[in-house]
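The structures considered in this document are given below.
Presented sequentially are two complexes of chain A, the first with chain B as partner and the second with chain C.
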Partner chain A sequence: MSQTVADPPRSGPPQDPHVSEVAHTPVWVTVTRWVLIALTIGVLAYAAQQAIEAGAWLIVIVVAFIAMSVLVVYSTRRFIPLKYLLPGLILLLLFQMWPIVYTAATAFTNYGDGHTLSKEEAISAIQAQSVRQDPDAPRYGMSVAVPEGATVQNGELSLLLTVPPAEDAGELEEGAEEGIGAAELGENVTADGFQLFVGTEEGLEPLAAEGVEVRGNGTIGAAPGYRVLNLMEANQRAQEVQDFAVPVGEDGAAVKPATTSQAFVGQPTISYDEENDVMVTAEGKRYVAQDGNFVPEDGQGAVLPAGWTENVGFDNFLTIFTDPTFRGGFLKIFLWNLAFPLLSVASTFILGMLLALLFNDPRLKGKGIYRSLLILPYALPIFVTGLVWAAMFNQQFGLINEVTGLNVNWLGDPWAARAALLITNLWLGFPYMFLITTGALQSIPNDVKEAAAVDGAGPVRTLVSVTMPLLLVAVGPLLVASFAFNFNNFTLIYLVTKGGPFDSGNSLVGNTDLLINFAYRLALESGQPNIGLASAVSIVIFMLVGAISYIGFRQSAALEEVN
Partner chain B sequence: MTQPTAETPAADANAPAPVPESKKAAASAVSKPRSGVWWRHALAIVALVWALFPVMFILSAALNPAGTLSASSPIPQHFSGKNFSDLFASTTFPFWTWFRNSLIVAGLGTVFQVFIGAAAAYAFSRLRWSGRRPGLMGLLLAQMFPALLAFPALYVMFLRIGEVLPTVGLNTLWGLLLVYLGGAMGANVWLLKGYFDTIPKEMDEAAKMDGASHARIFFTMTLRLVAPILATVGILAFVMLWGEFLLASIFLLDQDQRTLGVGLYSLNMADRNRYFGMFSAGALVASIPPVLVYLSLQKQLIGGLTSGAVK
Partner chain C sequence: MKRTTGAVAIASAAALLLSACGDTADTADEPTTAAEDDAAAEDDTATETEDAAAGDDAAATSEGAAPAASDGTSLVIWADDLRAAALEDVAATFEEETGVPVTLQVVANENLREQFKDSVGAGAGPDIAVGAHDWLGELVQNNVVAPVQLSSDLAGQFTPESVEAFTYEGQTYGVPYSVESLALIRNTALAPELPASMEALVETGQQLVADGEAELVMAQELGQEGNAYSMYPYLAAYGGGIFPVLEEGGFDSTEVIIDSEETVQGGEKIAWLAEEEALSVSIDASNAIPQFVEESTAFLVSGPWAIQQITEAGIDYEITSMPDFEDGGETTPFLGVQGFYVSAESQNPQIAQTFVQEYVSRADVQVSLYEAGDRPPALVEAYDQVSQGNTDIEAWGQAAEGGTPMPNIPQMNAVWGPLGKATADIATGDDPAERLATAQSEVEAAL
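Presenting the complex of A and B:
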């Protein structure tokens, strides 16, 4: 009797001898629990150490916070609900809530192609790119490398530099003193007297000589932790290598590649005037800061290459709603974005329900086989069905035109493409509706139908006035969920039409784009990715989905179930 | 193959109660009681043709040794394993690596997602704590903002994380898995909680009287009692993760990191016409796991979906 009352506080081990005897925790449970805690803390400690080395303080703080909450929640007997919620909660906060907050913040910036750096970084990048070689400057051996395990195409580039024994490492050595490297100065000298350095876009570091192979021409052939690119491979990234500059020292000097195997240290030809916030070239041309770029003050010539991220207020949202190319496009996309999920839910539900009614006859034999086969479109992965339907809609070789004898340019005509998507989605979605209406039909009590029959209602009347309303109440929330899902059905559109066809002269707004496909193109696929603008579109979608779901769920009274 | 046998006992279980009643109802309501079944079969076959012709098309293309889209036909006319052997031997398109990656992501993702969801549902259904109601509401709200809408932020975020912790950065399966798990708690917690609520609280009380701790009740009793809904959530999670495309296409850049979806997409993009046979062969193999899962657990899926919806 008293145990249930005494249970909630649980300030210490149970006092009651009877309880402690029965509730004795087996040793292996305690051991497992502590092993798991220790493992988690160990992994987190490793992550923290890596983050400290890289100077990523935000990650350090987050990791430390996670470690603390794990300790507090699992090492004590308190916080019982949190013991069940913590893993999910941490993942939710980190990978769902934080990106949403981050998206919201990014929506107010110009983050994107050419605007990924901070202003200081942009200034040093501009200076580094303006570096010109002094005629008498020494040259160093150079190899291009990516981190071991990374690919040639995507790995982060670094320059592996060698200073021949006779030469003075001078500027390189000075530059490297500031770098926090794995190796100390002194450890970077080979047996032959070569001094080794590794340069990244952040700066220069000494490279430990152990295990490094220096080739006959004075360049590095292999180094532990790096994959040295051969000429062919380096050529794949020739443009990047050519623009690559390793900052050394405060005054903007930088190491730049001179040939495929040599690099030099040079001085910048452009300087930053902090007081007036302008960049001045050696010839005296001035560039003023404007909209995240340095633009020529006299309006002549090009903008300086590197730009920076800055706050742009509501500009992105204004662009969406006022910019002529966007406004018209956005409205068109929005209307289609409403029509597509509405028509999809309606068509799939009607077909699914008709099939469910068809099979809802106890006399029908072989229902199981029919059902298993009908479910197939839903069971196949979307990337298979999406691409196969795209192939079937192909005008030249596609099955649809071949079988129907039509010659419709399904994916090239705006209305035909929309129809193609609706047909595909009808095929994809009807099994789900069939499943849920089958379940709901089985749950409608028979006496209700009997009562209707007793009152003289025919089968059609019973269906329309009794079965249908009950059915809609039962599947209502699922229909809302299906609407919300199709509202953001990126994958189907992307696989079947890619948002196309595009009107000539407008490669930004496709005729079958959903908002999310539009945002995706803005962020990742257009020639000039604009992540800030894409984030703003995402925020607009958030709000639309939120409003629609709110209305939907209020209608379906799903919220009433919590008590 | 197991389906019909799995179906019959269940149909029997449903049948006894309604049959006599519905016969009466049918006799009184339907004017011609014997007209019933054949037209249902006819319509069912029409529905089957509609549901299966794209599947036949994939099968036909996969078996066609010509291997191109232009040479494909709606009904299999050739039978050859050439496309399969071409695909499995290809080094440009490492099919089995994709398959393994998909298995890792979808398999681990399912296990974690079910466990995290079940633990959260237990806390919401069984434990008494303030903040339960706002917590559930918050989860519902978070669900309305699906993670994929935040992809620009996820991209930048994992780019940065990758600079510090390369194993979970961009272009890794583990980073992708973490993103998938971000939605694990909210995804099915309502469905799960609804089912948890149907298990009598008296059982918990009784176990507590016997001195069982909350963890023991959860692991040894509750989890067993809610196994059907766990199966439902597991199927949904597995099929969703197996087919997920948007985040995977952003995250996985290298051929040998890709999952089946992104990999087969790259194969399709390389040349829609020429590789169509190989693509179809890959698509068939890629479809086997989710189809098996569906067919074997169909009953649980229908039961689970509707038990959450119909209250």
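Presenting the complex of A and C:
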């Protein structure tokens, strides 16, 4: 931003930038620029419109902010450096900073399985889930209707209900035509024996049978004074229909829609007492809000299923550093998490470098072929090779034990499993090291080596004192990057050992787990996936990788200064 | 490696962005796409229903489908590829009879549970998802599924275990369509005689290995990390298991009985089987069925999912219930039930309920779903129909008979891991009583 302050004096007479702009810029450039700006704003406005419809206010704000920045930066000549930086800056903020902020925010909540809802949602979910069907009550045939002349969208809803004739009334039907309609059952019964009702939010009323048409599936197709909605029309108001309840009886029982053509009698068995913030069951058992769940006040029985997200402050971080399983596990995992990338980088680099030195020898023929063959492991997708290696390490059927005649329990013994991972990673990683060292070796001028030879240095001395230091300058930062990559090499561990083997009695902390695998297990695979806790672990990992990378890059920068 | 880093970075950034603002972005997209689909489908549906109305009056009016154009309505169903294929006819029937267009979306089986949970949690997702009953507790806990109020008549037409499987805390949340369990699959060329007991099975298997006709006594998934589902028949053989079975059906999840005497007795059988080389941690999901297909073993303990590979290989086989132990231990596999869930966030709740209650429960639909998955239907009428003269289905049905569905409480997620690892350790020589006691305390801590 400091440039923007310095800009105006350079970019022409500050009192009237527009004049100078028009004078110096061809018309078509200006036109194109404004068309592009207009297009961008148009697209953003459309996105904002969508977001408003969805009620996503955060997105609306972000979009508006981007639109304003675009307008401000590109419409004038004031912010020339920002014109180049803005796209990158926006992407950086959206794709890098936002996830970090979001993860950090999640780390202070209990968000996770069973705690994904807001408290209001949880309360209504518990009530909706508690609706029990009255097994003795009849199942009604149901049609949704609005008063005749009203529109589908706004008409007051009512349910037209039918109760089919009782089964033993089947014989009655034929012989009793004179009986049914008038005397015996009242005027809300059709000639076929269907009892008809109208259900509103107030209650259930009989519906006069005259003029009512009952369809083959036992629902009302037409009734005087009502407009029966068809499936599609009724579905326009599906949410209202879903919440519709026709009260019957005194204890909260109601006729509710079950499908598009059936209704059932049921009642919620749990209600929410807003004043005391407790849920009360029909039997009077009370559940109090505690730690994002409704738990039984008397301590007996299970918590109510749906819970909600709430802030837990530093609890997740406290768990990481105080819970004994965690603390012990974390330290063990951390040590392996340091050893694995260090050993991986060292082993792959040494093998890669030796091969590169070998293939760099001018006397070797067919280097092109060898080199392309060596790149193969690097070119194959790890999702294939990882699983193949896992199968090869199988104790009983695996290729490795079969070929070597050993009987090592590769994936069942902690140390063997660690070795298996290092072997796999060596195979996967050396081509990369081979590639970068080959490149670096070719850029080392021959005259320094010749000078060393003139000074009387043998091949080993030349390698150690001349080639290596020059090589490390070039590949040093790449080694640090490779370390950082392997520090979080989730895929390899997941595909080959899944973090196992596990010590008995501790299925949370695996012997070959990296921190990231541990976080994944916590977040997604453990009994009750706990995203909040996993976010906290991620933040700790983030800090660790940041610190290590910082130290690493400073070290490699130090190397540079030597030369 | 660097290339991978870049890819991972982009993928994770995209994933994070999606998860961060995807919830709202999705809801914004969903109605638009649905509306577009409908606009395209509108004409078809309108003509279809008109034709139906003209041709067959009863069919058109029975579900109240007047020849009206659809308006922003489409029933979205998520299922894996096999089931989606089987549902195509049902969807067509439903469309024809109700005029509601159905969109079948294929979601890979292993992602379905997670995606269903996440997308409904974000206010989007399908109206209906096809899945296993043991997801239920987790789905209820996160308010992903809506109750399905089955009439008692209808519920009575299914096998009692299958309806019970979809019941959580007294509420039913799904309509079952198939039942599966572990059974013994035997290569009849290698072992013509049906072993009368596990002991006899081991003996026959060992004899075949000694004769050089087979390489393994038996193949059953276990793996380095163990497998509590696969080992449960043994653990529960003497009345033990994870939770005590209630007399009225279902489990009492307040008590854990992993370290009970009965479970330990079952655990000792696992140790014995491993000692006799019938079980091995080297056999896991990736190689159990292939071992049988390659005729390396005469016996495979697996489920209906294994049959396709076996028939493709042209092996003569017979399915029977898992044999019991000579000392009276009755192997008791878990039942897995597949069924239809209705999303709690469905935009078409009554239509979705109509589909699961009035269509999925039809015998012809259950039969066509059976044809896609080779698992016995949960609807008694459909089961009777397909098991006629089909020995496979009869055998699967018998294997499932009287079994207990896997517990559907969300806490089961905390049981599978520790108990599975215990079974692997027992198979590699740990003392069953001690190891199950550790598992017990770990599970209790997690519950």
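Here is the rule we go by: the second predicted complex is superposed on the first by the 327 of 563 C-alpha atoms of A that agree within 3 Å, B and C clash if a C-alpha of one lies under 4 Å from a C-alpha of the other, contacts with A are read in each partner's own complex, and residues count from 1 in each chain.
In this section, a contact is a pair of C-beta atoms (placed from the backbone, for glycine too) under 8 Å apart; a residue touches a chain by one contact, two chains touch by 3 or more.
Small disclaimer: the values here were computed from a predicted structure and weren't measured.
S.K.: Looking at chain A, does chain C or chain B touch more of its residues?
M.R.: B
S.K.: Go through the superposed model and pick first if A:192 touches only chain B, second if only chain C, both, or neither.
M.R.: A:192: touches no partner chain.
S.K.: Just to be sure I read the superposition right, which of the two partners does A:99 touch: chain B = first, chain C = second, or both, or neither?
M.R.: Once the two structures are laid over each other on A, A:99 reaches both partners.
S.K.: With the two complexes superposed on chain A, say which partner A:474 touches: chain B (first), chain C (second), both, or neither.
M.R.: After superposition on chain A, A:474 lies in contact with chain B alone.
S.K.: May I ask you to decide whether A:376 touches chain B, chain C, both, or neither, giving the answer as first, second, both or neither?
M.R.: Only chain B; A:376 stays clear of chain C.
S.K.: Please indicate which partner A:240 is in contact with in the superposed arrangement: first for chain B, second for chain C, both, or neither.
M.R.: Once the two structures are laid over each other on A, A:240 reaches no partner at all.
S.K.: Once chain A of both complexes is superposed, is A:397 in touch with chain B (first), chain C (second), both, or neither?
M.R.: The answer is both, since A:397 touches chain B and chain C.
S.K.: For A:273 in the superposed arrangement: first (chain B), second (chain C), both or neither?
M.R.: neither
S.K.: Between chain B (first) and chain C (second), which, if any, makes contact with A:54: first, second, both or neither?
M.R.: both
S.K.: Quick check on my understanding: which residues of chain A belong to both its chain B contact set and its chain C contact set?
M.R.: Residues 50-51, 54, 56, 59, 94-96, 98-99, 102-103, 378, 382, 387, 391, 394, 396-398, 478, 491, 524, which sit in both footprints.
S.K.: Sort out for me which residues of chain A touch chain C in the complex.
M.R.: 50-51, 53-56, 58-59, 94-96, 98-99, 102-103, 113-114, 116-117, 121-122, 125, 128-133, 135, 139, 143, 215-217, 219, 221, 228, 230-236, 238-239, 241-242, 256-262, 264, 266, 301-302, 305-307, 378, 382, 387, 391, 394-398, 411-412, 429, 432, 478, 481-482, 485, 491, 498, 500-502, 504-507, 524-529
S.K.: Which residues of chain A touch chain B in their complex?
M.R.: For this pair, the touching residues of chain A are 3-4, 7, 14, 18-23, 25, 29, 47, 50-51, 54, 56, 59, 80-81, 83-85, 87-89, 91-92, 94-100, 102-103, 106, 111, 147, 149, 151, 154, 355, 358-359, 361-365, 367-385, 387-389, 391-392, 394, 396-399, 402-403, 427, 431, 435-436, 438-440, 442-443, 446-447, 449-450, 453, 458-459, 462, 474-475, 477-478, 484, 488, 490-491, 494-495, 516, 519-520, 523-524, 531, 534-535, 538, 541-542, 545-546, 549-550, 553, 558-559, 561-562.
S.K.: If we count contacts the way the header does, which residues on chain C are in touch with chain A in the complex?
M.R.: Residue list for chain C touching chain A: 1-2, 4-5, 8, 13-14, 16-17, 20-21, 24-25, 27-29, 32, 58, 61-66, 68-73, 98-100, 114, 121, 137-138, 140-143, 146-147, 149, 151-153, 168-171, 224-225, 253-254, 280-283, 286-287, 344, 347-351, 353-354, 357-358, 410-411, 413-415, 417-418, 420-422, 425, 428, 430, 435, 438-439, 441-442, 446.
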